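Chains here go by letter, A, B and C, matching the order in which they are written, and residues are numbered from 1 within each.
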Amino acid sequence: MGDFAQGFQMVANISTLLWCAFGTVLGIILGALPGLTATMGIALVIPISYSISNTATGIGLLISVYCGAVCGASIPAILLGIPGNPNAIATVTDGQLMTKKGLAGQALGGAVIASMIGGLGSEILLVFFSPLIAKATLAFGPAEKTTLALVGLVIIASVSGKDILKGLLMGALGFVFAFLGTDPISGACRMPFANALKKTVLAGGFDMTSTLIGLYGVSQVFAELANLSKPQNTDVATNIGKVFPPFKKVLSMWQIILASLGIGTIIGAIPGTGASIAVFMAHDSASKICDASNGKLDKPGTGCLEGVFAPEVANNAVTGGALIPALSLGIPGDSATAVLIGALMINGVTPGFQLFSTNMPLVYSIFITLFIANVFMGVFQLAGIRLYPKVLLISQRILMPIVLILSFIGSYALAGASIPKGVFNVGTALFMGLVGYSMKKNGYPLAPVVLGFILGGMFEENFRKAVKLGAGTMERFVTSPICWVFTLLAVVIVVSSVLKNRKEAKANNA
Amino acid sequence: MKRALIIMLVALVATTTVFAQGLEETSASFPDPERTITIIVPQGAGGGTDTFARTLAAKMTEISGQNFIVENITGNSTGTGTNEVIKSEPDGYKMLMYGTYTIVGTSVGATDGASGLDFISGLTLEPFVIGVKADSQWTTLQELIDYAKANPGQVTIGNAGATGTTAVVACGLNVACGNCFNVIPANGGAELQAWVMGGHCQVGIFSQTEIVSGIKPLAFLGETRSLNENLGDVPTIVEAGYGDLTIPYGCFRGLAVPKGTPDEAKNWLADTVKKAFYSDEFQSFMAKKGYLQTFSTLADTDAYNAQLMADLQPALKAAGLVKK
Amino acid sequence: MKKIKLFPLVMTVLSALYTISTVLSEDFKYQVDTVGGDPGGKILPLIMGGFLFLGFLFITIKERPEGKKMDKETIVLFLVTLFLSIAYVALIRQIGFVLVTSVLVYSLLYLYTTIGEKRSIAQASIGGVATLAGTVGFYTLMRLISKSVIRMGRSGALPSFFGKSTGGACIALLFVVIVTVVLTFTLVKILSKKGFNRPAVAGIITFATVLFLYVVFKQFFQVNLAPGLIKY
């Protein structure tokens, strides 16, 4: 307990609170602007944290930016349909549908509450089960990650809608988009005309976030053009509606919350996975839970709170999850925590198990600032919540050019200092926007492309590494119990969704 | 109405030109105080090179008052970031954190590398460490290599990426030991740490800061013992009995600007780097982390790099990293 | 001859080309040791390329287009938006962020807000030129102010906060807000009364958007927005 008191003393001062508040607000702004990511935000404030004499305060600032940025990304996703960064990718569908129904306030409020639950819940797991979870994630080698990607990929079957062939084709298209670029093992340039292109920015392949911004944000502008000539109707948006989701409703979603919390924390803790996978898995598990609830819960994907809650709990749970291996093993769980570890080292702290044995007060102070950051994140984002939906009062005719330019500049900004890469990212966003538009127009689902794109690379890379580790054999898959469990799970998901589709088809025919 | 508009336009254009001239005048001498000097790190945020660059950038900002920032531009075997600097305006506002990885990137044809760059300074050489899982059966490098030779192809050795410096080390070691290892590239140092700690891959080539408590260091690839506070008792490769292995033992790092940058800018930058490098704080940072100092500036760095490139050729060939 | 759907047809051709180029490309096996065992980087691309080809071929043969067509207005909007976006990507590097963004945003705003109305090319272009000149002019003024503030912050005439780039950016943001508000209530109001409503509104929104994006992305968050023609 003495350690805790000491840790508490390190952060129990006004300046820590002020820096955390500043970091959270900055994080929310960063998250809400497309193209500015948590990773970039942390990198930006490193010089500031370095100049703060109290190490615990400096770390608090970094963690606040991290939490704020993940939460803030839900704002443009819900209101404008632009996923500002990959964390919000699964929030877009239900968030946009809720906005169209006039429930923007509740979607935004729900997202904040969900983010707080996710952030604080994963912190509890971090505080009490950190060594255990860290050990468990070490069991994830290439073979286990291959099967994990497989579980993610079979979600394609359940998000494909009526036409399963089209869904699978779009999944394959996502794979191909992911393949263009650098070969994940040999590092060679793998694309048509490789010799001519390998010294250009194209050699790096499509940037993931620009692709997402294009597929969702830019394609929406093109799709909306047909509606612009109709008389503009702003009635829906003027009524912001209730901001807080009914308490009963939140309680009724306890299964979804727990499932998403678990998925987010675990996936976040496995190095080299990331929030974009976690949010899709959480969204899918939420629909499974709804199916089993006999109509008590609304089905995600139809524009309901459940569909916003699941990914938002998951993406903030990833923040706590990613800190688990970072603090207890010294291995970053995602790119944002990689920067965080670098910043800790600059501040003179070496993360890893020694930290727990030698500098427990500092560990406690990190936990406390994480708690403060999560609370501030909720408070500050809720404070402005009646303000954000005012954006919807603007006529679509004026909003669409702004959405377009925000999508472009967001993609551009992802390249940071590199102008050629920035221009290539804008090109990617435009190209993907046209792809997305053609898909919508012809009745092809969007989500499988995104899943294929995110998981395709991970699947191929880890599969090849697992086989190479086994010197050309599948031995690694056979000997790992985790692989068996995941493969079985994948089979169960496919069979159950095929059966469900059949049942629905029969019901429709009858 | 029209006339009013035209008058306004003319007035605007006139003021703009005046202001513009004023602005351009102020930016005549290097460095322009409002402009930020960017150090491009062609590797991911959070890694050893990135941490080194950020610490240096913070010190340079503090010493000069000029704003130095670090940007990570990754991809294409560090070629994307390097090409970005080579193709940028040679005005001194964009620098590259040059390194052994750039030589590898040049060798595989991802970039033109040193031929498109002018050096500002050489900074450090960071020797690598051969590590295994903490509870592994091997306690010395000799045991490991003997076991691998007795069971060829059974021992897996990982590196941080197929076109990184650690790959050159891993492949060099493999060739020197008679091709007895199974060499595997990971996606960055963090993944390699997880692999070795989780027992998925038995041996890893790490940088010093990556040796955490779950990893047991077997040998330090420097000529003398590591300066890193945690690695002082790790035997060097010479002490381990393999002093005759001709493998590159570390990652060199330096700063470079695009070719054609004016001397005024280069001298200013070299001077600032020197001050930051020899500041007490930075010196103690390097000592703590175990970075060896190889400080040189401008032409001296050119010569150093040329020697390094020549020395690396055999190992690059062994690693299959020479462009056909 | 029956009509066929364009999208699956294009995709069939593209996936065929992708598959062929994959077959022809070198292999990406990781071969640096005698153990080997990497299955190589061609298998999955080939499977996916082949699957895409067969799947889209099937859909091309099976599905027939329905007679839904875009109306003329939408086609115009679509083509102009597409053309301007492509031009934006192609020119941002040479011309620079401030100019191309102004042109894109102004043109789209004018086009979209005048749907169903009679458009006057003369009015639109006068408005466009005025917007461009105004944006560049105030941009220059803004940069001059933020530069001077930073200089004064460094020399000690102002608190040291203003010597940092963030300090200059705060002043620039304040400047953009004030100028936007002032212009909205003076110039735009007057112009609207004179029948210049549409270009004036499009112009002021363009002005505010461009400068706001510049301040936030470039000055606060250090994104390297392409300078292009405007070198300072």
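Throughout what follows, a residue touches a chain if its C-beta (ideal position, glycine included) is under 8 Å from a C-beta of that chain, and two chains touch if they have at least 3 such contacts.
Just so you know, these numbers come straight off a predicted model, no measurement behind them.
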{"item": "Taking each chain's C-alpha mean as its centre, the one farthest from chain C", "value": "B"}
{"item": "Identifier of the chain whose CA centre is least distant from the whole-structure CA centre", "value": "A"}
{"item": "Euclidean distance of C-alpha centroids - chain B vs chain C, Å", "value": "34"}
{"item": "Interchain centroid distance [CA atoms averaged], chain A/chain B, Å", "value": "30"}
{"item": "Between chain A and chain C, centroid-to-centroid distance (C-alpha), Å", "value": "24"}
{"item": "Of all residues in chain C, the ones touching two or more other chains", "value": "30, 35, 37, 222, 224"}
{"item": "Chain A residues counted as touching two or more neighbouring chains", "value": "184-186, 188, 416-418, 420, 468, 471"}
{"item": "In chain B, residues with contacts to at least two other chains", "value": "38, 69, 153, 162, 182, 185"}
{"item": "Contact footprint of chain A on chain B as seen in their complex", "value": "38, 40, 44-47, 50-51, 54-55, 57-58, 61, 69-77, 79-81, 83-84, 87, 94, 108-112, 153, 156, 161-163, 182, 184-187, 190-191, 193-195, 197-201, 209, 212-214, 289"}
{"item": "Complex interface listing, chain B residues touching chain C", "value": "1, 5, 8-9, 12-13, 15-16, 19-20, 22-24, 26-27, 33-34, 36, 38, 65, 67, 69, 152-153, 162, 167, 171, 174, 179, 181-183, 185, 318-320"}
{"item": "List of chain A residues in touch with chain B within their complex", "value": "39, 43, 46-47, 50, 137-143, 181-182, 184-189, 198-201, 203-205, 271-272, 325, 329-332, 335, 337-343, 345-346, 350, 352-354, 415-418, 420-421, 461, 465, 468-469, 471, 476"}
{"item": "Of chain C, residues touching chain B in the complex", "value": "30-35, 37, 126, 129-130, 133-134, 136-137, 140-141, 143-144, 146-147, 150-151, 154, 163-165, 168, 194, 196, 222, 224, 231-232"}
{"item": "List of chain C residues in touch with chain A within their complex", "value": "5, 7-8, 11, 15, 17-18, 21, 25-26, 28-30, 35-41, 44-45, 48-49, 51-52, 55-56, 58-59, 70-71, 73-74, 77-78, 81-82, 85-86, 88-89, 92-93, 101, 104-105, 108-109, 112-113, 115-116, 205, 209, 213, 216-217, 221-226"}
